[in-house]
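Here's a structure for you.
The chains carry the letters A, B, C and D, assigned in the order they are written, with residues numbered from 1 in each.
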Amino acid sequence: MREGSLSRAALRAAAIVLALLLATLVMLAAHAPPLAAYANIVLGAVGSWDVAANVLVAWVPLLLATAGLLITFTAGLWNIGIEGQITLGAVFTTWMLRGLQASSVPPALILACAVVAGMVGGALWAMLAGALKTFGGVNEIFGGLGLNFVASALNLWLIFGPWKRPGVASMSGTVPFPPALWMVTVTPQSRLSISALVIALLGIGLVYGMLRGTHFGLRLKAVGRNEKAAYLLGVPTWQHMMFSFALCGIFAGLAGAIQVTSVYHRLIPSISSGYGYLGLMVAMLANFNAALAAPVALFFAALNVGSIQLPIVLRQDSSLAGVLQGTLVLFVLLAQGVRQKLTGKGAT
Amino acid sequence: MNVELRSIRKTFGTIQANAGISLSVPSSCIQGILGENGAGKSTLMKILSGFFHPDEGEILLEGERTIITSPADAIRLGIGMLHQDPLDFPPFRIIDDFILGRKGGLFPDRRRAGKELKALAAQFGFDLDPDAWVDTLTVGERQQLEILRLLWLGAQVLILDEPTTGISQPQKEKLFATLKSLAGQGMTIIFVSHKLEDVEFLCDRVAVLRQGQLAGTAAPPYQTSALVRMMFGKDVALGARTAAQPGRSILSLEAVGIDGARLQIRDVSFRVCAGEVIGLAGMEGSGQSLLLSSCAGLTRTVAGHVGITDCDMTGHSYHAFMRKGVAYLPAARLEQGLVPGLSLAEHFVLSEGRGGPFIDRRAAAAAARERIDTYNIKGAPSHPVEALSGGNQQRMLLALLKKELSLILLEHPTRGLDIESTLYIWGKLKERCAQGAAILFISADLDEVLQYSDRVLVFFAGRMSPALPAEGLSVERLGELIGGKGWGAFARETARA
Amino acid sequence: MKSFRTLILILAVVLAATAAWGQTMPAAGSSLTIGLVMVGPYNDQGWSQANYDAVQYVTNKVAGTRMVYIDKANSADRPGTTVSQLAESLMTQGAKLIIFSSDDMADEAVKFAMAHKDIFVIMSSGSQVWKDGKTYQDLPNMINVMGRMEFGKMIAGVAAAMTTQTGQIGYLGPLINDETRRLASSVYLGARYAWTNYLKKDPAKLKFKVTWIGFWFNIPGVTSDPSQVADDFFNSGYDVVVSGIDTTEAVTEAVKYAGQGKKVWAVAYDYYKASEMAPNVNLGVPYFNWGPAYVNVVKSAMGGSWKSHFEWNAPDWKNINGADTTAVGFNKGGALSATASSTVDKFIKELAGGLNLWKGPLSLQDGTSYLASGKAATDQQVWYLPQLLQGMEGLSVQK
Amino acid sequence: MSLDVILVGLAGVLTSAAPLLFGAIGETISERAGVTNLSMNGKILLCAMGGFAATLATGSIVLGFLAGAFIGGLVALVLAFASITLRQSQVAVGFVLTLLCRDLSYFLGNPIMGATGPRLSTLRIPLLADIPGLGVLLFRQDIMTYLSFLLIVGVWIFIFRTRPGLLLRGIGERPSAAYVRGANVNRLRYLYTIVGGAIAGLAGPIYSLSVKAGWKGTISGLDGMGWIVLAITIFGGWNPFRAAFGAYLFSFLQWLGLVLQPALPGIPSQVLQVAPFPLMILTLLFVNIGNAEWVERSLARLPERGRKRVVKILRALNVKPPSALGTPFEKE
């Protein structure tokens, strides 16, 4: 076992080096200075308290999405529909805020209701994909993809239609909510909300504990690895699948709610910000391990935030961050394959 | 074609599957290969048919050393293998399945191939419609199709791996007649089986394998006891029958109807009492699996009533049946019974524990260790189940059974297990009976059915016989019933019921 | 607790706002780093590049200025970032003046302006500090800059009407809002004016249709495909398509149809060099020339005369394409015929002479009166146009 | 609206469906061999960018298309290596590739943003183009659209009528049986994954050199097309004709959306644009629902005759994916 983990670490390191090498080649091909690029990404992510706070701001929804995805992955499901679930979370949150903002309900309560509404919205959308999967036999990847498109169209329609701002309906989104309905941030200028951070950490901790130490987590694992056997062993399988969808949806919806209440303070066209897809990558790179998810998500968030420096300082396109993330995950998958090939163990 | 194998060796990891086997088969001969599961029969045949390369040894065809690189290479050389589960394409039309693999131009001439298929089929009295779909065929018909296909490709050596497992008696007779006629035409037939009677009936000579080695050969007239000794290396003592003391009624079926994918079961009624063991016999796909799974609520009944201990459970799910003390053990252990990736301890927690949301790891490990000891499983609580051997996996399944059970349903409980494990498992099952559970099991092994059942239900093409007392039932009679003979006698009984 | 903090926050904002009232910003001095935030790629040959080129123009014209920029400032391209955060990262590069160059950054620009009172903020195409606007906010450090594209669009309308042979003009619209209605209607006004005044044709014979794609550019599966919209126009007898979106499908599709021997034309949008594209079909481009306005504002920041205001700049009527003077221009394309070209020049002269097409009688699409006879529209009426005008086909309001 | 206008509109539908067809049929080939290539969305972008860049650099449209096919094949090769040789999850690798290729196309494509390049021209087929109706609809297209017609028929014939096609279906359906019959399953899977990837890769240059000529990075309007292509592949039930139907339906609904815009002011413009997706979901639902447990349970309650009829309908609807789709092959 020890030996195995050593060779695993060696291969992982090799994968990371190879990924960096490939990304470097890509940069050279684009006539970008690789060292300066890496340095700027690092500086852009940890160079000051402000940028570090920005990394944390990006970390929160990414971590929440990843936490949710770990649940569905455990149940053997590829919940690619998470983008739509984040969007619906944001839509429901906005809907609740719009409904209550003029009322006399205390702002804190409105905010709480809105966050809960977001969780419900995400869960409902996820359960739609779940119902299609469990009752209709529709593969969750394709059901989820379809629902993603529907969600983003719904979102656009709301922004440009029923919820358009009185002056100019715009890409800018709906009318911003009054500051009273913003999640309280560290300083008024900051976007970093301690409560959001706590929610995210609590979320991933919860998922970690649930998957590791509870009967529910174990049953979910059984369903994911062998649905038929799990059923024969007495696990109510479709209920568990639906439940895992719902839970993932809750996390996704929460991410959407935080996007609305603490980052953008309104509903915007691409409110999900690609966190769902990025979360899938994080989960893969973390090898579906909840304990690793937090640092990996932090790393990805840092890459995203750090890469902002590329166009500013080097006049390079910051999609380099995505290239880095992609090659990294790809090479880790390849390294895993090589290791399994060498040890003669099949893929699980 | 004369086939000769010279000191073939093949090792998988630490297991020596073939430890220097030499065998020579002349043309026009039907060579039987006998042996227990794991004796090395399949490996040897897969080496001959190009699936594996031997670590050592050589193959001679017509006296010439030949290296066979792949199954395709083998068929090119005239060696065709009929696998136990025919390697065909269920969603294809027969004609497509027939053509696939044959070399030729870009556009296969379907019409001509169809004609040739029909001509070949007629030669052996088979009836195959080229435009029908493969998945509508019985296993026997699929075998026929494979044989014709191999002949069409020019096979001169035909290897058959356990061909009689899934087919009906008339089909078996037809198959044997075909094989004899092929041998008469100069073909070399290698017939792999663990069924003594088939081998004795059909083969011109027999080679017996045991633990990867050639244990001996024999020629007719065969002495069954000698063959058995060669197969097992010792005389086999089978456990003594114990008569059951039937108790309260556990399972009752009333005029039950079931719709399977290919066959229907209608109007089945019977009753099972505590302590009873009921064996379900029949060719694979005759309806016994459907019935067994509907006794667990896994397959819906479309008519009648299913009762468990006086409760009407018709239409309820398996989990409702479970709560009534029903357990179902599938044949495919790792595919359906156990969860790869989970440890033994986790399996026990899964099947047992509900107390509170959190798992008490220490208690779970202790409980697992106790069960592992009781069931004599070779493995630790933290081992993943896929690391267990087949016999240990079966023990694991038994160990997972809840303490209080009223009805245990088993599919092929000892398939692929050695004699020792078989005896152990039946010992455990009988303990359960003594504690008041009833057992229904399916087995392809007629001896096992007769040995352990109190009553036997025979299935043929969706029909179920009345429950026959095992005592006084012979293997021959059972074999006939399975093959569809002698059912007239039941007509009166079913009419009365 | 939470509400308490919020209260403090509001108080702080209010205090800061009142404190800033009437104050001018301190001068930035002899050197200034300008940070430009663009919504699209800096080299999109459209809206964003027009701003990019303008700031470069500023750095050439005003000594001591330097540009830093961030492009693709939208949450789809930069997941998890906010525009104000991106602006802050420009600040770390020394930017003291930030230009938010797209309407969709309005909210973030306001947030940013409030949070960084020492930073000069230009919010292009916005109306936040327009005292007469509907959404006025008191932000001493913000200036709104916008060009009167209405004129450019009217000229485009004239070019289109002078060229069309079928009398059918299509308008490739983005999403429906006040601004896009205003611009589409301007094209119509220009076209109708040319149709009736220069060509002396029956206004009822002029077909003008707006098809909205639903966004500023194509998002597969969510918006209509602008190529398909343009194709549909050309296929159903509309021989001139005027682009209102950020991408150039109208021109590229016209090239395709011209290649098939069809007589079709297109009018581009946003970027002055777009007139150089496809000279066989291109009638020209109404474009923004942000440079001169930015120069003025930048100078005021450096010199200490910065004062929050809204400016809606008209073209330089002496030279509508004066790179140093005009705010909005019209570059003629290769396909504009000599007659049409001279008519366009004539029209520009009339505009310079005071011609106002935003003058009654004008009715809205649903028939209600928009402007009474002889009454000229106020800036507010133009800016907040509630519907398309009567005579135009197409949706007025997003359902 | 006159008939002619409608015909021309429909001809446009055929054109804009061409890249979808190349994508979906390429994917069909790959999936028929048992390999799901989820990288489509990023791949189309990368191939569009690469194809356009190649054409810009060389001036040759043909080289642009070749570049697209090459990149498509290369991406497929990475997937094949990871999933066939290294036995990693096809879905995982494909998904990573789709994000990677997308960002790669944006990063590498930055220098050619907005450049104008050559564009595929229309090729009237003499005589045929003058047939009333049909001529307008079918024979005034560009070469790739003609090729897309040929592709549908050609690939259908290949899969369902030829000997190698039979083998292709075999390796996706039951690789062990195909192996016994002489197929080098993994080599063939490599081959078909790469060929399928290359064909799908052509979708990129069809966009950047014809349907949406040019490269505009993130605002090219291509991000999302690959997911649509994958949806069409599933909708098409691994049959080129049904895939073609799906692609045409999608384009048709897009067109309908803008044609009907003024006629149906009450309907939000997004409705017809996303209509294909609920439609796809519903199709998948109908196709798969027969396998669901609860359907079986409710069916058991029906009277005999009705049950048989429903079962028959459900069986007829049922389209099964290649049985070995997504699973690596190992000879025992």
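Convention: a contact is a pair of C-beta atoms (placed from the backbone, for glycine too) under 8 Å apart; a residue touches a chain by one contact, two chains touch by 3 or more.
Nothing here was measured: the structure is a model prediction, and the numbers come from that model.
Undergrad: Quick check: more C-beta contact pairs in B-D or A-C?
TA: If we tally the C-beta pairs in contact for B-D and A-C, the bigger total goes to A-C.
Undergrad: Quick check: how many Å separate the C-alpha centres of subunit B and subunit D?
TA: Measuring from centre to centre gives 43 Å for this pair.
Undergrad: Using mean C-alpha positions as chain centres, tell me how far subunit B is from subunit C in Å, no decimals.
TA: Once rounded, the distance between the two centres reads 77 Å.
Undergrad: Between subunit A and subunit C, what's the gap in Å when you average each chain's C-alpha atoms?
TA: Comparing mean C-alpha positions, subunit C is 35 Å from subunit A.
Undergrad: Averaged over CA atoms, how far is the centre of subunit A from the centre of subunit D? Could you give it in whole Å?
TA: The mean C-alpha positions of subunit A and subunit D differ by 28 Å.
Undergrad: Going by the touch rule set out above, which residues of subunit B reach two or more other chains?
TA: Not one residue in subunit B touches at least two other chains.
Undergrad: In subunit C, which residues are in touch with two or more of the other chains?
TA: 72, 76, 214, 216, 219, 221-223, 398-399
Undergrad: What are the residues of subunit D that contact at least two other chains?
TA: 110, 224, 227, 268-270, 273-274, 277
Undergrad: What chain pairs are in touch here?
TA: The complete list of chain pairs in contact reads A-B, A-C, A-D, B-D, C-D.
Undergrad: If we count contacts the way the header does, which residues on subunit D are in touch with subunit B in the complex?
TA: 161-164, 166-167, 169-170, 173-174, 176-183, 296-297, 299-301, 304, 307, 311, 320, 323, 331-332
Undergrad: Spell out the residues on subunit C that touch subunit A in their complex, using ranges where they run on.
TA: Where subunit C meets subunit A, its residues are 2-3, 5-6, 9-10, 12-13, 39, 42, 68-72, 74-76, 78-82, 84-86, 88-90, 92-93, 102-107, 111, 115-116, 127, 133-135, 175-179, 214-216, 219, 221-223, 384, 398-399.
Undergrad: Under the definition above, what is the set of subunit D residues touching subunit C in their complex?
TA: 1, 5, 8-9, 12, 16, 110, 113-114, 116, 119, 121-122, 124, 140, 211-214, 216-225, 227-228, 251, 254-255, 257-259, 261-262, 265-270, 273-274, 276-277
Undergrad: Would you pull the subunit A residues touching subunit C in the complex into a rising list?
TA: Residue positions touching the partner: 44, 47-48, 50-51, 54, 57-58, 61-62, 106-108, 111, 149, 152-153, 156-157, 160-161, 164, 166-173, 176, 179-180, 182, 184, 188-189, 191, 263-266, 268-271, 273-275, 278, 301, 304-305, 308-309, 311-313, 318.
Undergrad: What residues of subunit C sit close enough to touch subunit D in their complex?
TA: Within the complex, subunit C contacts subunit D at residues 40-41, 43-46, 49, 72, 76-77, 209, 211-214, 216-229, 231-232, 235-237, 246-249, 252, 255-256, 259-260, 277-278, 393-395, 398-399.
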